[in-house]
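One structure coming up, written as structure tokens, with questions to follow.
Chain nomenclature is as follows: A, B, C, D, E and F, assigned in order of appearance, with residue numbering initiated at 1 for each chain independently.
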Amino acid sequence: MVELVPKLLRQELNKLAEEDKRIDGRKRWESREITLETNCLYNAEGSAKVVWGETVIYAGVKFEVRTPWPDRPTQGSLMCGAELRPVAGRKYEPGPPSPESIELGRVVDRGIRESGCIDMDSLCIIPGEKVLGIMIDIHVLSDKGNIFDACALGAIAALRTAIVPAERFDIGEDYPLSVSMTPTMCSFTRVGGRYVLDANEKEELGGDERIHITLGDEGHLHSLQKGLKGTFTPAEFDEILQVAQGRCKELANLVNAQEE
Amino acid sequence: MGGYGDVKLLRDDGLRLDGRKIDEMREVEIEAGVLPAADGSAWVKHGLNVAVCAIYGPMEAHPRKIQRQDRAVIDVRYNMAPFSTSDRIRPGFNRRSREISKVTAEALESVVLVERYPRSKIRVEIEILAAEAGTRCVGITAAAVALADAGIPMRDLIVGVASGKVEDTVVLDLDKAEDNYGQADLPMGILPTTGEIAFLQMDGDLSVDEYNTCLQYNMKAAKEIHTIMVDALRRRYESKNGGEK
Amino acid sequence: MVELVPKLLRQELNKLAEEDKRIDGRKRWESREITLETNCLYNAEGSAKVVWGETVIYAGVKFEVRTPWPDRPTQGSLMCGAELRPVAGRKYEPGPPSPESIELGRVVDRGIRESGCIDMDSLCIIPGEKVLGIMIDIHVLSDKGNIFDACALGAIAALRTAIVPAERFDIGEDYPLSVSMTPTMCSFTRVGGRYVLDANEKEELGGDERIHITLGDEGHLHSLQKGLKGTFTPAEFDEILQVAQGRCKELANLVNAQEE
Amino acid sequence: MGGYGDVKLLRDDGLRLDGRKIDEMREVEIEAGVLPAADGSAWVKHGLNVAVCAIYGPMEAHPRKIQRQDRAVIDVRYNMAPFSTSDRIRPGFNRRSREISKVTAEALESVVLVERYPRSKIRVEIEILAAEAGTRCVGITAAAVALADAGIPMRDLIVGVASGKVEDTVVLDLDKAEDNYGQADLPMGILPTTGEIAFLQMDGDLSVDEYNTCLQYNMKAAKEIHTIMVDALRRRYESKNGGEK
Amino acid sequence: MGGYGDVKLLRDDGLRLDGRKIDEMREVEIEAGVLPAADGSAWVKHGLNVAVCAIYGPMEAHPRKIQRQDRAVIDVRYNMAPFSTSDRIRPGFNRRSREISKVTAEALESVVLVERYPRSKIRVEIEILAAEAGTRCVGITAAAVALADAGIPMRDLIVGVASGKVEDTVVLDLDKAEDNYGQADLPMGILPTTGEIAFLQMDGDLSVDEYNTCLQYNMKAAKEIHTIMVDALRRRYESKNGGEK
Amino acid sequence: MVELVPKLLRQELNKLAEEDKRIDGRKRWESREITLETNCLYNAEGSAKVVWGETVIYAGVKFEVRTPWPDRPTQGSLMCGAELRPVAGRKYEPGPPSPESIELGRVVDRGIRESGCIDMDSLCIIPGEKVLGIMIDIHVLSDKGNIFDACALGAIAALRTAIVPAERFDIGEDYPLSVSMTPTMCSFTRVGGRYVLDANEKEELGGDERIHITLGDEGHLHSLQKGLKGTFTPAEFDEILQVAQGRCKELANLVNAQEE
């Protein structure tokens, strides 16, 4: 039953693609509207709410003081996790973290971590004894497509506006966390045979594989991930990588505007 | 209740640390229809608490063994986001959230016309995004508004309210410090039209007289919050039918 | 199939209620017979067996020496848990703790904890280093109704007769645990439209919501809980609270008689 | 087996620390029909061990995939109460209790006439309330009595017994110290009428001769406990049919 | 990527610490049909990595809710044996292995003719017995050979390969030290006949030019490994049909 | 459906047994061919691959440095676990450890542990502070019958060829682990009414209970276990114990030959 809908939807998407159209009227490389709000939650040391089309996510940053790993006595840590709880949509079920939520969290995590935007040595309080641990938790509240990009945006925005609660930890005065870069993610989904930017939930349902690209300030690649059934050619990748270069800059500007 | 330590919670002028009178509640803001993926939803800010609730259903209840032949089951998940508390909490359910989910579901079953939807399930997803004492009550209020937004028939709304005792004085709507250092807490889920009670918990130490004062404060607060709930639903209705969507 | 029985049972209970009768012949505020035995298990530092009508439960107390929480360096701890394992009845299934068992344990726990009958400071051995932890475990072996009251009775009886195994912990001679109060629980179930005391398993099956009231020595309220679908009015609560005042005193006397 | 340390377990007079002879077992008391909610039940005190067993069924086996077309499955849960041991144990199953549950179920399947109840399940709930060495054997004895109390047809009872080795001497029915510091333990489930063995485990160090002595002691003990089991079942039968219930 | 520390990974003569050239891969050995219990299987040694893969199916997919009306589902478990790493890892899945299992399954679904087996399931069990960097790629190679050994129709094989960056130099097929101290890793699953990419992950720091060099190295390696895969399958076919079994 | 096969198989096995034959032509006390390879895995400090007929298992040994238990300050520890993961056969399913795998691991563990072949005191590094922990993990890759004996063989072979990675732990030079005995296991299955040695997967499917016997160098019993539905008589046990005495010696010789 459930599977009949995608079949019809797939036909419709194929037909639209032939005319280079999308189901909600957008252009192939056009994104939905994005509203970003930071510093919106009591108790979180950094927080962001992203409304991306009809997709809604929250990200929150918490800190902890912990003992460093013996082989890295001066390094703090960063951890990013995402929850796809049943609140996010009809298809989500309670239970242990799904492969989907694990992938989401790990892809966002890698994009931030590998950009090097957090200097792990700057999180040292007393070498070998105390370092800061940063934990970014992402909560998807309404999944209407492209949660990856929304979550990555919320995570970096919450991080860039986070205040280290030094007083609470008895290590001096509160201060803003130092974040040296604004890595952002740009995802593409194959719909009607060709890639489009920022697929909505219908395009995801009737589409194929997707590619997630995270780029840093210099346009360097920090994380790639292909998801779902399907293959792509090197030439296809070249095309979307170029689109991503422009789009990631715009997203970074959106984040950086929050800090002023 | 914490109930220990020498923390002063009432000022010399009789007001509370945040300036409220003893029978004054924190500010409450409500918005309905905030989550497009859900069949109904609500956002409630109560003091610094923030709760969001999504409704899915009525839908077929499965696995089969949870089905009831003569009514819908209400499947509540009360969950605190990891960043909602001062110390981060690990994702996933704990004993506290499971208990709250259970008694909240039972309270909602008392007002939803569950016999209209045999063999079905109504999912109620309560997410606490920021916690500043009293989250179970905020969650109940959010759930009632979200159920109404989803168009699910109820014989009344439910309002989540609490009173308690600090420095041997009964006060309405404990905030975080009062909750940590107070002597008793009496959360209730009240049907605003009939004054019936669908949700009741209490811990601490209350004499029978003190209990009665708490009850009276809770009834008063339920009426105030009810007005805000109705207003949110009216705004939502107007926005839907005003062509915005 | 299973649900037809409650429907017929419910009709019968309604009819009986009209004549102010109960299915087993008891009066509205009459309890079943209770047998309480303490100190009945090797290895438990406090133990109680409660036979409450045909309901059978055991409670056992164990102590441990542990490090106090940093913010409460002189305070020990108390933890009370209940298990509703498959032994307790045909309807109970194996698996992780059910919401029912969690509620049971937590309601009993709150009644004891909030009465203040254990002075947490009296559990200190060395401030900031060692305190006693008390663990009460309740095991329901035969559920024939009103396990809440039976479990609360067993828990406080096991606690009041517990011996701190100080020798085993190398902290002096064994001594009886100091417990300054006897909080007891009294539960009411709506059957045939009105509340009755101490419902048996048929009344629970064909009844509605229940209210659990824990009272301390002064008749103060220490814990309240409403369970199951249904509502009540303030006037109804006033009535059962008054019944509970008398009944809880009787239960406390039963416990206190064990210590002589 | 612990098997280390210089703990003396046999006295100069040849008796054991608690005064028993080497082929003497601890005292055993049995009562049938102790749990009204169950279809059959038993309480066994063996030394300071206390085990209780409840039987539910035969009932429909579900989930479906555990069903057997030609017989009943025996679903055993051996569980130690948190307060049953010197150090409290966390509630829930561990590897030890899962292994004991498995081999106990297999032993009981060897005597219950399982082919009489195709597609059904018999639940055997063994709860150890106090543990003083040898609980798996006490559990087996309790299960056999409880099954009989439930009226489930068996080709024989099973008796749980154990012998072992301490200070190079074979002894019957190890107590706690002997179990902690002994050299071997040989628990068995014996069919008292035929002398067949339905349950067998062993660990430690035994020569073939020592094994044979253990076997002989176990057979002797099985007969003694069998008498007590039968007596408990007779008392239960008389009490049921004497009009008390 | 670790990416920190002053570990020297390239020698003065331009070769790598283990003597390989920058575009040279580790030695690869493959054997098909190594696990008699499975419907298809393969053993791959790649450097010091050892991976084994067993295929079961196509079989009926259950539980029912995982069934697809129009195709088979590919159920992959990528698992590291506890003794496969320098520090023992606890048995059971972790977040890393779950993610790799997911994306590996999706890659294999891209080549298996899944629409030939509606409502069925193909189990792919990848076990890493020894890990020396690059295990996800070795697992993909093993899975492709094992699927072919099981006679499951595919539109192409997949070859797992990786390139990366150390000391600002792009190198093919990172070994353990290069993985620990390098700057980027780009694992791919490549269809050797068409050059399509079915598996892609990357972390670290790569410019667009560096990405393109990595891609070129990966394509070259895929061809080399493909030859070894085909050879293993040919040997297996000959041994089966040569009457050995 | 599944259960029809065993019924026919059982009939066939019974008929063969009457003529004292086995389904694969072996004699009653004849084992399948065994290939043992040790030291075959990078990263494992001891490893063994056993091909036993068509059954394939791997065992790997890892060491860790850990704090000793307070009541045994000079003693190290040994732990042996087995995994019956879905790779092992069509009937194995993913999920938490099954009772079968727990039994397998524990029976192999007891045989090795109780033989006393590891002197726990020899694992002490600094009394009360640091001891070695030995962990043997067994991985069944292809179950075609009698995995118990194959796993026990692999475990002791991996152990006897293990090298303590002392340099990695900064406690001196690597050295071979000292193992003073070669306990081996011999299992018997009732097939067609009588016991046979080393049942294959068909004999297990159509057979009854089995008995696992672990013997040490002196022919002493170190572990016994009866599994599955069925009973046996003392006389039957005497017979198989005698067969085991001879067979276990052969298996021990196979292991000991690896070390040269």
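The working rule: a residue touches a chain if its C-beta (ideal position, glycine included) is under 8 Å from a C-beta of that chain, and two chains touch if they have at least 3 such contacts.
Keep in mind the model is a prediction, meaning the values are calculated, not measured.
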> Comparing centres built from CA atoms, which chain ends up most distant from subunit D?
Replying inline: A
>> Measuring between Cα centroids, what's the chain most distant from subunit C?
In response: E
> Measuring from the mean C-alpha position of subunit A to the mean C-alpha position of subunit C, what distance in angstrom results?
Replying inline: 48
> Distance-wise, how many Å sit between the C-alpha centres of subunit B and subunit C, to the nearest whole number?
Replying inline: 27
>> Need the CA-centroid distance for the pair subunit E / subunit F, whole Å please.
In response: 31
>> Can you pull out the residues of subunit B that are in contact with at least two other chains?
In response: none
> Got the subunit F residues that touch at least 2 other chains?
Replying inline: 97
> Ring chains in order, subunit A leading off, subunit E next?
Replying inline: A, E, F, D, C, B
> What part of subunit C is in contact with subunit B in the complex they form?
Replying inline: 3, 97, 99-100, 102-103, 105-106, 110, 113-116, 209, 211, 216, 218-234, 237, 241
> Residues of subunit C touching subunit D in their complex?
Replying inline: 41-44, 47, 54-56, 58, 60-62, 64, 81, 83, 85-90, 94, 97, 135, 137, 139, 141-144, 168, 201
> Mind pulling up the subunit B residues that touch subunit A in the complex?
Replying inline: 34-39, 41, 48-50, 52, 54, 56, 59, 77, 79, 81-88, 91, 123, 125, 127, 129-132
> Which residues of subunit E touch subunit A in their complex?
Replying inline: 1, 3, 68-70, 95-96, 98-99, 101-103, 106-107, 109-111, 186, 191, 195-208, 211, 215
